[in-house]
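Below: one structure in structure tokens.
Residue numbering begins at 1 within each chain, and the chains themselves are lettered A, B, C, D and E in the order written.
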Amino acid sequence: MFASLFTKRQPKVGARPGTLVIPKEAEKPKIRRISYSPEEVIDEEITDVAHLSEAFKEGQISWVDIHGFGDRQTIQQIGDLFELHPLLLEDVVNVPQRPKTEAYGDQILILVRMVQVYESGEIDMEQVSVILGKNWVLTFQEKSGDILDPVRKRIRNKTSRIRNSQSDFLAYAIVDTIIDAYYPALELLGNQLEEFEDEVIMDPTPELLRKLHRMKNRLVNLRRSIWPQREAINRLVRGDYPSISENVRIYLRDTYDHCVQTSEVAEMYREMVTGLMNTYLSSIANRTNEVMKVLTIMASIFIPLTFLAGIYGMNFDHMPELHMEWAYPMVWILMLLTAGGMLYYFWRKGWISLDASSVENEE
Amino acid sequence: MFASLFTKRQPKVGARPGTLVIPKEAEKPKIRRISYSPEEVIDEEITDVAHLSEAFKEGQISWVDIHGFGDRQTIQQIGDLFELHPLLLEDVVNVPQRPKTEAYGDQILILVRMVQVYESGEIDMEQVSVILGKNWVLTFQEKSGDILDPVRKRIRNKTSRIRNSQSDFLAYAIVDTIIDAYYPALELLGNQLEEFEDEVIMDPTPELLRKLHRMKNRLVNLRRSIWPQREAINRLVRGDYPSISENVRIYLRDTYDHCVQTSEVAEMYREMVTGLMNTYLSSIANRTNEVMKVLTIMASIFIPLTFLAGIYGMNFDHMPELHMEWAYPMVWILMLLTAGGMLYYFWRKGWISLDASSVENEE
Amino acid sequence: MFASLFTKRQPKVGARPGTLVIPKEAEKPKIRRISYSPEEVIDEEITDVAHLSEAFKEGQISWVDIHGFGDRQTIQQIGDLFELHPLLLEDVVNVPQRPKTEAYGDQILILVRMVQVYESGEIDMEQVSVILGKNWVLTFQEKSGDILDPVRKRIRNKTSRIRNSQSDFLAYAIVDTIIDAYYPALELLGNQLEEFEDEVIMDPTPELLRKLHRMKNRLVNLRRSIWPQREAINRLVRGDYPSISENVRIYLRDTYDHCVQTSEVAEMYREMVTGLMNTYLSSIANRTNEVMKVLTIMASIFIPLTFLAGIYGMNFDHMPELHMEWAYPMVWILMLLTAGGMLYYFWRKGWISLDASSVENEE
Amino acid sequence: MFASLFTKRQPKVGARPGTLVIPKEAEKPKIRRISYSPEEVIDEEITDVAHLSEAFKEGQISWVDIHGFGDRQTIQQIGDLFELHPLLLEDVVNVPQRPKTEAYGDQILILVRMVQVYESGEIDMEQVSVILGKNWVLTFQEKSGDILDPVRKRIRNKTSRIRNSQSDFLAYAIVDTIIDAYYPALELLGNQLEEFEDEVIMDPTPELLRKLHRMKNRLVNLRRSIWPQREAINRLVRGDYPSISENVRIYLRDTYDHCVQTSEVAEMYREMVTGLMNTYLSSIANRTNEVMKVLTIMASIFIPLTFLAGIYGMNFDHMPELHMEWAYPMVWILMLLTAGGMLYYFWRKGWISLDASSVENEE
Amino acid sequence: MFASLFTKRQPKVGARPGTLVIPKEAEKPKIRRISYSPEEVIDEEITDVAHLSEAFKEGQISWVDIHGFGDRQTIQQIGDLFELHPLLLEDVVNVPQRPKTEAYGDQILILVRMVQVYESGEIDMEQVSVILGKNWVLTFQEKSGDILDPVRKRIRNKTSRIRNSQSDFLAYAIVDTIIDAYYPALELLGNQLEEFEDEVIMDPTPELLRKLHRMKNRLVNLRRSIWPQREAINRLVRGDYPSISENVRIYLRDTYDHCVQTSEVAEMYREMVTGLMNTYLSSIANRTNEVMKVLTIMASIFIPLTFLAGIYGMNFDHMPELHMEWAYPMVWILMLLTAGGMLYYFWRKGWISLDASSVENEE
């Protein structure tokens, strides 16, 4: 499960830098171009990369969205068209990389990790590469299906701020949408944690232990995406890159705040799940203690009595007690006294309480 | 419980920035204006925001206090009247945000978390947004009822320093009052911890484990509010914002000290509760050990005796011992020696002590 | 116990800054003035603050030492006489504050925590406030009785360096004496830890668990005083305050070294006590294991034998073995073989050793 | 195992700096020279160091690769030829040193740790020293056999970037290849961890505990190589060394990213293995609890019944029940009721479930 | 054991700074002077400090080595002769201080901790104070016997670099030799750890627990010496002190690397010993589980059988089974079936395996 997070797409050791690693089962690229100016919006599927270059016009912002890397040549053509640095292209295709922002000339590469929550409660992470150019934004995703439709909708809205801003605002809108998607994912995990909390005291089964363990790994993993994202977005806010305007930086500051908040919540959850695992152990220890008490009480009461019965089951010729008339009732009295003494002893030790919670009603 | 701390009020993923998320059950806004100059104080409920703008006068400091966000239009009107940045308004309404301070032009937004301790021992946290303008201070709270009455009282006092200072001192007074309220909350938690300390050794029940676990989560949570607050107030002290005068910064230094102190105490408590949970486990292990000793002593003494009794309960025709006259007493002597040997052995091992604490009085 | 460390003296939430919180049971202030120049020393109790101002003379250094805050007016008079900032006075009286150094104009406030070790082994901490002025030093303590007598003695010694230096050297001498008092306190704790170390393996009682737990809390607490002290004194060394001369800073560097050393020892002790608590748990687990082995060996040997005896205690009419002459000895042989087999099995498992340490000598 | 990681090759305490420590069993040095210019490539084994100096030509980049240190004189000759600082040569030969980069004049020493994964799943680490000179690169390895063949192959390719760049690019290519080899090693560890995850809940044997323990030590160890490497390469990226060109620094930034990624994965694995060890303990506690339940149920049901049977096995003359006709069936009914009561009690406690998972089908 | 590490030599609380604390049992000082120039070496015991001053000559470097502080006057004379600052002399004599470097005028005080490994495996630490003056080096040690003989030997060697360098190189050589002595100490600890690793799984005795605990304390302690040493030597490398030449700083960089390496190894060992203690607990839990299984299997098989035997040992007049001819064999068959059923149940649960490892071969 977690090994796959980083190893599957590394180029072979010693490969020349910039080598693109494309697995056989990769989806064929689908390209969608949205170009807009305050006046008009063009939204089309591009099937031939050659057509892509014709589509650019003065005064328009273009968002070229590529899903799937299953065709090396297409990817390379796009790389050539936008004059992408080979190392940039490597980071984009050989997913997943660590979230980061990096400048190549006046292009800015923003790598973020998109989180998707499925009905089943599973959480999936996928790298989205956002490349910000002068009047265009490129986004690369490995699989089709994403969470960016609200951005597309806002572009179609004539009065939206995106429509009337530069490409840096579009890049911000995309990144912000991706970061905001961490909230429902964390909410889901939070709800699961809450369920575990009750179970861990009431019903600490091995199955729960397994769930806690998985939850912990998931949180360790999640944190590993969120933390570098925090730093990456901070670099955008700090103004390391001149092609992001002061105004957009104020918006990015907001995105950064969300990043910090999600990272802190993930951290808090991780601490809580560790706490739950310790509580689990204590809870099991508690139950073993309870089991032992029952055993000890039962054994301590009946073993001496059985011994007494055994005594008078012996077949010696000369056992005077056997022939006394009051001996049998005396033995019963002795037995009841012994049992009562043990019960009193356990009650004084606090092992049995009188309010029907423990063993005494069974005898 | 903890999931609700950050998720309920996030706008939908991909919503345009500045979207206000107002839940249906939100309280209708109540607005209270306190304007004061060294000479006079006006304290009134405002029902119509339109009237608010008329109320400002030269030479007066105004504190506009809004409780409840249940009317988007009113909130927006206030935002327009005070020319609040849409991102600022988003942070104010979409509670809870991470505590922070941020400048928007010459307005300063201070987000802090107010703590309220109820009779029942429950601790509740609510975001208070303080916005400091040129000659006014805005405060936003989600629910009515707060802990700021002492500040209002000090304003009414003609000789108080607030009355004779600028709006930055008012903002300081509000923030300081909110921070100081952490002391009684921490005192409450400290008292609970003290109780747990005795119980954990004397009476480590599953119920106590649950309480410890909850206490830990509460402290993890509390720390998550206190730590960013510390940084937020430090930025005010350091002088990042020119609209806060040197003189007020000396007072804020004091508030910052209190912040640091509360954060350290919360941290110390968290460490202590972790220690308590470990002690709990050791305490349970101790008790199981004690239970096992009782069982082992009882079983080790009586099982061999029962075996001996069993031997002479056998019905073989040829068991010469059965017919010897002194055999029965001899068996008793053998049994007593065996039992005595076991007792001596356990006493030497330190499992039973002679001072009435353990098992020997039952036999 | 630990709640009291910070909460008892906070002013009411929302009180105006500078409010002095004086509990009813506070001691009445006792004031002692020591004025000295290289030529002469005056050492007197001051009963009326009004007299205090008359006592200052050109060319003399004065040390005014106040014990007890039980009279608000006196404290306020002293504050007015030395022109102390209200926030400074608040920090001095509303003990305990976090150790720190702070400049108010050309006065420097140094808050440190004095440690006192009692015969009984208890460790007590009390805030000492040292205020360094131009040619005077003020010290405030809550209770009478302190550890500063050696300083007073050195003042009386005509050739001492204090006598021939400025007020900053006096302040250094006081702070240095207070820091040095941490050594015997830590030595005491170190000795206790050493005792616990042996006990935890030899005799892990619940009482020891309680002691370890208390020791841990004490160390957590101690660290909370020592760490900020370290930073506070570092600020004096770094030269943030011009009224401390270069020469005295070399001496303070020495004090800082001691601070660092004590903080590291406290940290090391805390780590050791945590280690001891883990060792305690392992030690208990060990003992339970040992108890279980005894039970298992006893039960595994005698339960099968008792079963065998039970077989031939049955009253069936047709049990041919019962009537065979050699049957009874055969059963004995069978029993001895069974017991021997079990013993061999346990010996091979390493549960019983032949050198008299375990169970086999009891049978 | 881990002691050997750093101690075997230290010079004797107090030896003069620059002392080369060459163990007896060291391999004899094998020297391979690859010189290339855009036009030609020369690749030859050098047997006599004297020949090495003749081989350098204007306009060529030379890579001299030395495997094995088993001849002090040869190493010293190489040191003299390239004018290596004695401390540099000490770091190269007295392996392993901590990964680092260091400048000696205009030579840069880059110490990295090469990881090799064997078929058996063992991971081996070996120091590689890369020394970057004006138009040459020296590499030193202790043993023959390495992972640098892809670099050699790329040199032979006329169109490769190495062939057309300066020596700093060659050094980058070597370091990059070594860092990339961490990915398969980490993948291997990740796969093992995944296997352990299932086992720890399903089948927590002592053997697994041993494996987990070893895995943890291996990761602690691995991290100790990776972390300083991260810093070492960062220094190359930051531009501390002028002989590395701006262009190569962009490539090194990529290598640095990989370093960070591997260090984070190693850290994550370490956290996971710690989690697994805790889960192991909980899992064992679970199993003990289950074992105890079986014992307690069996003992609690049959011990009272055996007692009842014992009662009527007694041989008293006057036991009226023995002579009643319906007494024997009554005793059976009493026994069944007792057993049923116990079963009901345990079922209500949740210790036995009705779906065939537990004990009840055995009776 | 560890309390003694810092407390024994503190001056009384409040003593004037510069007070030398000399315990009664201290060794009398032995002074040895080695003066050398490239041409000659003088090596002599000094019995009278007055002679020491005569011994200095132009163009010679002198190393004055003092062992033992048992004569206050001699120490003071040396202090006066070399014009040592009283605080410097205090740090030198009142051992142990925290390792550090400090400048007093143009003298540099270097405090390091020398480690000595004894045959018995014990590790001993002692403070060595190195004071670097213009053309002399002073070293102070508490006890006679040290590890610096190799340095003395190198001085006698005419071609050595020490002989031909300034006093700063001599100081470096001494410090470097002391740091290098940590390697054999760590190797010893590493070997012990390796032994513990096997034992902890194979044979987790209480004695081993005690050893692990001691090892942990030793490592905590060791780290406390090594860490400040690292910082101390870094200050020498960074060039804070002008009297250390650029050339010697390159050598010190090497010493610093060794410091870092030893500190990391100590840290790694500490982590490993913590891991071992956790493994120990799991290992004990494992064994208890195994013990419990044996008990449960034995008890679960034989207790029901004993009950069955008990039934037919009852003496009721009307027990028809007793008189049936085939009843006795039937009971045996029933018993075998019951035992077989239990064994099958335990085998299915995985508690007994068929390959002779467990209990079934004993019955």
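The criterion applied here is as follows: a contact is a pair of C-beta atoms (placed from the backbone, for glycine too) under 8 Å apart; a residue touches a chain by one contact, two chains touch by 3 or more.
These numbers come from a predicted model, not from an experiment.
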{"item": "Superposing rotation of chain A relative to chain E, computed on C-alpha atoms, to nearest 5°", "value": "145"}
{"item": "Rounded Å distance, chain B centre to chain D centre (Cα mean)", "value": "41"}
{"item": "Averaged-CA centre spacing for the pair chain C and chain B, given as whole angstrom", "value": "25"}
{"item": "Residue numbers of chain A (touch at least two other chains)", "value": "278, 281, 285, 288, 292, 295, 299, 303, 306, 310, 313-315, 319"}
{"item": "Overall pattern in which the protein chains touch one another (line/ring/star/complete/other)", "value": "ring"}
{"item": "Ordered ring members, chain A first, chain B second", "value": "A, B, C, E, D"}
{"item": "In the complex, chain C residues that touch chain B", "value": "1-3, 5-7, 10-17, 85, 87, 90-91, 97-98, 100, 102, 104, 204, 206, 209-210, 213, 216-217, 220-221, 224, 277-278, 280-281, 284-285, 287-288, 291-292, 294-295, 298-299, 302-303, 305-306, 309-310, 312-315, 319, 321-323, 325, 327-328, 331, 359, 362-363"}
{"item": "Residues of chain C touching chain E in the complex", "value": "147-151, 154, 160-161, 176-177, 180-181, 183-184, 186-187, 190-191, 193-194, 197, 200-201, 250-251, 253-254, 257, 260-261, 264-265, 268, 271-272, 275-276, 278-279, 281-283, 285-286, 288-289, 292-293, 295-296, 299-300, 303-304, 306-307, 310-311, 313-319, 341-342, 345, 351"}
